[in-house]
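This is the structure, below, for whatever I ask next.
The letters A, B and C name the chains in turn, as written, and every chain counts its residues from 1.
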Amino acid sequence: MRPLELRDVTFTYADSSRRALDGISLDIEKGEFVTLLGENGAGKSTVCMLSNGLVPHAIKGQLGGSAKVFGYEVSEHSVAEFATRVGIVFQEPESQLFCMSVEEEVAFGPENLAVPRDEIRERVEWALGLVGMKGYNDRSPFSLSGGEKQRVAIAAALSMRPEMLVLDEPAYALDPVGRTDLYRVLRDLRDKHGMAVLLAERDAEEVAGFSDRIVLMNSGKVVGSGTPREMLRDPDRLKELGIIAPQMSELSMLLNRRLGRSEFSFYSVEEAERAISPLVSSRKPGGLR
Amino acid sequence: MIPRPSGRADEDCIIVAHDIKFAYEGGIEALKGVNLRITRGEFIAIVGGNGSGKTTLAKNLNGLLRPTSGSVDIAGRHASKLTVAEIARFVGYAFQNPDHQLFSGTVEEEVRFGPKNLGATDAEVARQAEHAISLMGLGEFRAAQPLSLPLGVRRKVSIASVIAMNPQVILLDEPTTGLDAGEIVDLMGCIRALNEEGHTLILITHDMRLVAQLAKRVLVMASGRIVLDSDREGAFADLEILRSSKLEPPPVTLLAHRLSEYGIPRDVATPEQLVDCIVPARGGRR
Amino acid sequence: MTGFVDLYTESNTFLHRMDPRVKILAVLFLSVLALMIGNLEYLLILLVAILLMLVLGRATLAKTYFAMKLVLRVMILIVVLWPFFNPVGSPVLFEYWIIKITEPGIVTGIEVAVRIACLASVWYILMFTTTQRDLVRALVKLGLRFDYGLTLSISLRFLPTFGSMVDSIRDAQRARGMEFDRGSLVRRSKNYVAVLVPTVVSALRTADTISLALQSRAYGARKDRTYLRALRMRPTDYVALTIAVLAVALPAVAKYVLQIEL
């Protein structure tokens, strides 16, 4: 059963007339790391909250089409039922941690599921280890940095042992160090644990490195789906869609234009170095401009 | 790293900080001796990671916090003799979270709140508010309820409500957090227009890509001190300083450093600049 | 505002290690005891005993002072004013027009003040030596419904968060020229709207996210629920409990059954 299968899904929030999701079809396969890119209002959050039933059970509105999570129709099962298979991390670091200590926070989910105490302890240590927060058990969430808070939020979702992890703009409020640490955790999750991951982002910089697939969204629809290389090669298109383009994509495009060529398409600094060195290697150091 | 003070005529300095130190209750020293001279019309970025002291410094420049030692001069006056409200005439501060400022029924009322507090006449309030609304492109939202608008617009309303007080200096705290590409381009345009109008802009951020597009002078902060005070190019030339201040150099800058052995300058900050270096505008190399 | 909301002082005294349920019950019993005793000498002995326990609980001077500031003010107020409002008995020490001060009046005033000191100190012992987490856990174990316990713990958890949020909102409005300590009462109340609205809106937004997070972690999925941290009574806890029970039961018997003056 696919972690996520959306077919022509439509959704309108209760207090709005605009369709947040306008006939969207999207699949996520087992173990796939999919990054959803789109501008504010494109519908990314709605898709995220659909993945564990918050839409439509906790967030009222009109849901149409078929939305299946691990084979179960979302509208027909409660959020609690999906909680064991889908974990979710929101963008606000502060408000999604509501317990008085890190340990309680990570244990909260399994406690609600009446998991035996010894197993809870194991899961807490395992989850904290995965996010690099071992030893933080007794710290209060208020005392943590933004990046640390988000990692605790991930651990709190992981302790329920989900098969899919959904993250709605987790790096939103983080500084560069927090963001790097967060993405490293996501990269590890992908490389070592074969969990399906759905990541929603506005900024395409960095996500190329660990996404299996990139899906472009606009106005509640999917407007592109493919490998990172395919989806990120056209920075103008990304800008039109309100997505912040990776600098390497912009560089490739500008270089192609300036030289009247079309083969440049790098999306990492290493690739760019390899491609550009031949162009400038005939220069003397400190040479002409 | 010894900070290079920019020597300018004193009368032109709108803000001067004399060796200010600041410690929070509980003893944490957030500023450990900062010296700073800001001239009218500058566009400065104060950058640093969490805990570098950049927000603390900003709040010491508008009176929300008072230095525990040292002093700040604003428009030639000692800040210690001025109340926050009096300083607000010279230094406006747009907070990172617009929802901490918005409370009115319409955007227009919200933008008028500031100048009203400063005691402007009704005519002045209307004029200043109008100018701010049009500069930030908020005309179509004039009668809308601020809290019901999307984040990008709320951010603009919050900035407009600060501009409406017509301060010479405008402090913007992480203005692009949460904005998508279109909203960022839009906001950057408004910010540039403000600077062109003659306002002194101080941008507080940890996003070096933004700094590359906007700032003309960069102050890098780490552990409560200014570790680098230079023009924009200078800030991007030194990767070590950026990294040790918990900042992430933009990918193009990293690339430029790697290509520096071929004569590519290290202080490249944007893709356009790098392409210009690789392929000179005229004719182009083979 | 975010200052000493959490009174817990980290340490490892026997009081810190005691089961929080026993501490809560002991504090209740001691409070009852303080209310039962009428004799000033016995009250003073009780107060000294309680203060001794505060010392044993390694309460720092700074926190104790902060906590007791309010209590001390109330105490002084009572000692000074009580005799004026309760001029009973003899000997009369002073009389002029409608003012009459008697010795018993003064003594009773002091008794009431000392009693209040006992009550306050005994609760502070609890606060200084017990984490908020353990307090809530103990209340739930003693019979408080888990839902209410969770509400209590979430409220406590977010107190510092909301505190710093209100500070930030006040700063933001001050930077727009708003002054909180000047102007007419009407003007100042209007100003508070500028702080109240953003606070309420942000609080509601936070509450929304908390609700979504709770649901996403299967809160309420089942009637039964396990707990990672167990509260287990140890032999020393039973001893302490017994002492606490006796500390109130014996005097109660003495006073109400044997009619001994306390």
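To be clear about the criterion, a contact is a pair of C-beta atoms (placed from the backbone, for glycine too) under 8 Å apart; a residue touches a chain by one contact, two chains touch by 3 or more.
Since the model is a prediction, treat every value here as computed from it, not as a measurement.
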item: Shortest path length from chain B to chain C (each step joins two touching chains); value: 1
item: Per Cα centroids, the chain farthest from chain A; value: C
item: Rounded Å distance, chain A centre to chain C centre (Cα mean); value: 45
item: Centroid distance [mean C-alpha coordinates] between chain B and chain A, Å; value: 30
item: For chain C, residues contacting two or more additional chains; value: 205
item: Residues of chain B touching chain C in the complex; value: 25, 59, 62, 64, 83-85, 88-89, 92-93, 95, 97, 99-103, 113-114, 117-118, 147, 161-162, 165
item: Of all residues in chain A, those that touch chain C in their complex; value: 49, 52, 54, 57-59, 79-80, 83-84, 87-88, 90, 92, 94-101, 103-104, 107-117, 120-121, 124, 140-142, 156-157, 160
item: Contact set on chain C toward chain A in their complex; value: 131-133, 136, 153-154, 156-158, 160-161, 205-206, 209-222, 224-230
item: Partner chain A, residues of chain B touching it in the complex; value: 49-50, 150-152, 177-185, 206, 209, 246-248, 250-252, 254-255, 258-259, 261-264, 271-272, 274-280, 284-285
item: Chain B-facing residues of chain C, complex; value: 3, 165, 168-169, 171-179, 193-194, 196-198, 201-202, 205
